[in-house]
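Given below, in the form of structure tokens, are the structures.
Paired with subunit B in one complex and with subunit C in the other, subunit A is shared by the two complexes that follow.
This part shows the complex of A and B:
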């Protein structure tokens, strides 16, 4: 009950943010929302099913490039259509990739997903005519629910309609993921994580469920990717690079992968910390590396693990 | 050998490259005859191995945890080393004057090859032979192989696991730093070196098979030939081809081409 109250209070605070906070802070929330959605997917794999993907950035980049390709190449500006296309494309890509990856667990799963991520990166980087190569592709301002909001400048658009659109999408994604995690399917995934042999013995189709989790995670990753690309206005190949996947896992661990809301907390904390540290020193990677090392060694349960030590069901 | 996938190996390589440049520039400035620069490179690489034990000490904290955490800790090291290099050597590429051609060129089969390339190839072969000899013909090598095979058993038989791990890791660091130092006359040291090299090293290790020395050697040949071949014929697929092979190997023979053939 308290937990739910806190979550609702946080949601209300986020809804009021554009009225209370300066525009810069509000624009910082946008990538945090985008990463939040992508991390919900990543955490279905890691926190729920026990599979650590080091190639989740593939799907984030896929979403970003879908937004870029549709707006600049095909003149599709409806953001609903973009999100739907990104989700569909991610599912299509995730089927063959997932079928291969879920045959393995642990480190082999991580390596295989990393290899696929890098495969996609080199495709984005080298096929200049199709993807813009290292310059990437521009993302034009999309229509939200069919409305262009032409009267607003860029900041006004991002901190106004687009902010609420992203927040609504995040809320939808969170609710959808909650349904998934709490369903019998989610329960089966947790059983597989704890003991795959036992799960198989009581009739859980281990590989098939892992595969479903992989595809769902991919869809969440791509939806997050579309949101990520609009504020920056650019989709570039580094989105698919392995260090980006590493950062995603970092955010998840920072928030706490054992908690359902860990991904959202991690995304928020990461973005604001990054902004803070970058404003203080040019060597923010060093600070973040040290921070990650500390989290991994001393606080593997992340920020939420500090506040709420037991594992909620 | 240690069953740790170290993402930071690329950082050691880059660190070796940067230090190599500084050491050689310094030595040449102090009147070292140019042809001796190779020795300086190797020495600076070996000297850098001192960072091995402290890093290993840090990684020890997660030996017993899930591999995912080991992977993440080495990722943290990658981030930190990258900024250390940025701090010390700046963001501009660092290059070694004209040491590359000090040894002259050689005409081989119609094309000219800088002799230095041959030196590096020879050094690679020597290291491979040396490692093979170390692992198969020395007491230390036997202990390392036994530990890799079954750590509880070798601990029960009186092997000091901590010392073995510290030494193996330091040896790995030394190979990385010397390797980085050796390429530097032919190329420039750049900030992105570490994270670019590690994916190639990753490809090599996967193709060859984790924990197999012979596999690593063959894997590096495959990756090198594949890269050169792709650049010569269809440059767009250079990296693509490598990852296709990596995925193929992981899917068909996840333990690598040389599984079971480890010395």
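This part shows the complex of A and C:
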């Protein structure tokens, strides 16, 4: 009950943020929302199904490039169409990649997803005509529910309509994922995570369920990617680079992968910490490396683990 | 009527022959115990019968269908389930959840993405029913990892029973259970099988009290071959076989 109250209070605070916080802080929330959605997917794989992907950035980049390609190349500005296209494209890509990856578990699964992520990075980097190579592709301001909001400048657009659009998308994604985690499918995935051999012997199609989880995770990753690309106005190959996948895993550990809301807390904490540390020192990667070590050693259950130490049912 | 049969099954691990031409038929309504000294091939036989190991040669048929090397999910759907010698549970799932996983799989509802698990009334009722049969009714909300060892074992077996198989193979169902509790566990298993409509039980067991107390038939393995396949009474009359499978204890008896 207390936890639900806290979650609702946090949601209300986020809804009021554009009125209360300076624009800069509000624009920082946008990537946090984007990562929150992507991480909900990553955590279905890791927290629920027990598979750690080091290639989730592939799908985030795919979403960002979908937004870029559609707005600059094809003149599609409707953000709803962009999100739908990114989700569809991610599912199409995730089918062959997932079919291969879920044949493996643990480090082999991780390495294979990493390899696919790097393949996609190379593709983005080398296929200049299609992807803009190292320069990337611009992302134009999209239409939200068919409206251009031309009267607003960039900051006004991002901290106004786009902020609420992103927040609504995050809320939808959170509710959808909550439904999935609390479905018969979610329970079957947890059984697989706990003991895959046993799950198979009580009739759970282990590989098939892992594959479904992989595809769903990819879709969430790509939807997050579309949101990520709009504030920066750019899709570039580094989005698919393995360090980006590493950051996603870091966010998940930071928030606490055992908790449903861990991904959202992790994304928020990461973005604001990064901003803070970067403003203090140029060696922010060094600080983050140390922080990651501290989290893993002393707080393996992440920030939410400090509030609720036991893995919830 | 034959439910499960092995025909001339051979299994080699490299050059070591673990099963050397085992032929066996198990009919409806039988409680069969597989006995034999360590290394006789009992667990290999159970693993071959349940598809975990493909035989090097020979056939395994369940209800007339070749099931050699078939994956456990399909075997479960056909009506063949098993439990393991070492306890297999889902440590982080509760007793109710563990049984619900099996019930959902059997009812082919495990892949339902957007359905509410909490609203799966029939599933939870059935899970609770199975828990009751195994004396776990008051532990429904308890994570499996916190159960005492004996209850873990019962839960492991119960989740196989929750599949409502026609044939169940139990690899040492009373291992790790104290001698005093073994008969109670067996009584629970037999009663649960009757209530759930399980036609046949095959068990690997070391405890001869249990074997002779509950079996309709005993299959004695020795060095990968069937040494004897007989009723308990017939077997007890055969001093030579008794000496091989139970060693000195039989001669004393």
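In the analysis below, the second predicted complex is superposed on the first by the 313 of 313 C-alpha atoms of A that agree within 3 Å, B and C clash if a C-alpha of one lies under 4 Å from a C-alpha of the other, contacts with A are read in each partner's own complex, and residues count from 1 in each chain.
To be clear about the criterion, a contact is a pair of C-beta atoms (placed from the backbone, for glycine too) under 8 Å apart; a residue touches a chain by one contact, two chains touch by 3 or more.
Source: prediction; values computed, not measured.
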Clash or fit, subunit B versus subunit C on superposed subunit A: fit
Chain touching more of subunit A, residue-wise (subunit B, subunit C): B
Touched partner set for A:54, first subunit B, second subunit C, both or neither: first
Included angle at subunit A between vectors to subunit C and subunit B, based on C-alpha centres and rounded to the nearest 10 degrees: 80
Touching partner for A:142 - first (subunit B), second (subunit C), both, neither: neither
Which of subunit B and subunit C A:110 touches, first, second, both or neither: first
Distance in angstrom between the closest Cα atoms of subunit C and subunit B, superposition on A: 15
Interfacial residue positions of subunit A with respect to subunit B in the complex: 46, 52, 54, 100, 103-104, 106-108, 110-112, 114-116, 118-119, 121-123, 125-127, 241-243, 246, 249-250, 253, 282-286, 288-293, 296-297, 300
Contacting residues of subunit C [partner subunit A, same complex]: 71-73, 76-77, 81-84, 88-94, 97-98, 100-102, 104-106, 109-118, 120, 123, 143, 156, 159-160, 162-163
Subunit A partner contacts - residues on subunit B that touch it in the complex: 5, 7, 58, 61-62, 65-69, 71-73, 75-84, 86-87, 195, 199, 202-203, 206, 235-240, 243-244, 246-247, 250-251, 254
Residue ranges of subunit A touching subunit C (in the complex, touch as defined): 179-180, 182-188, 190-191, 193-195, 197-206, 208-209, 212, 216, 311, 313
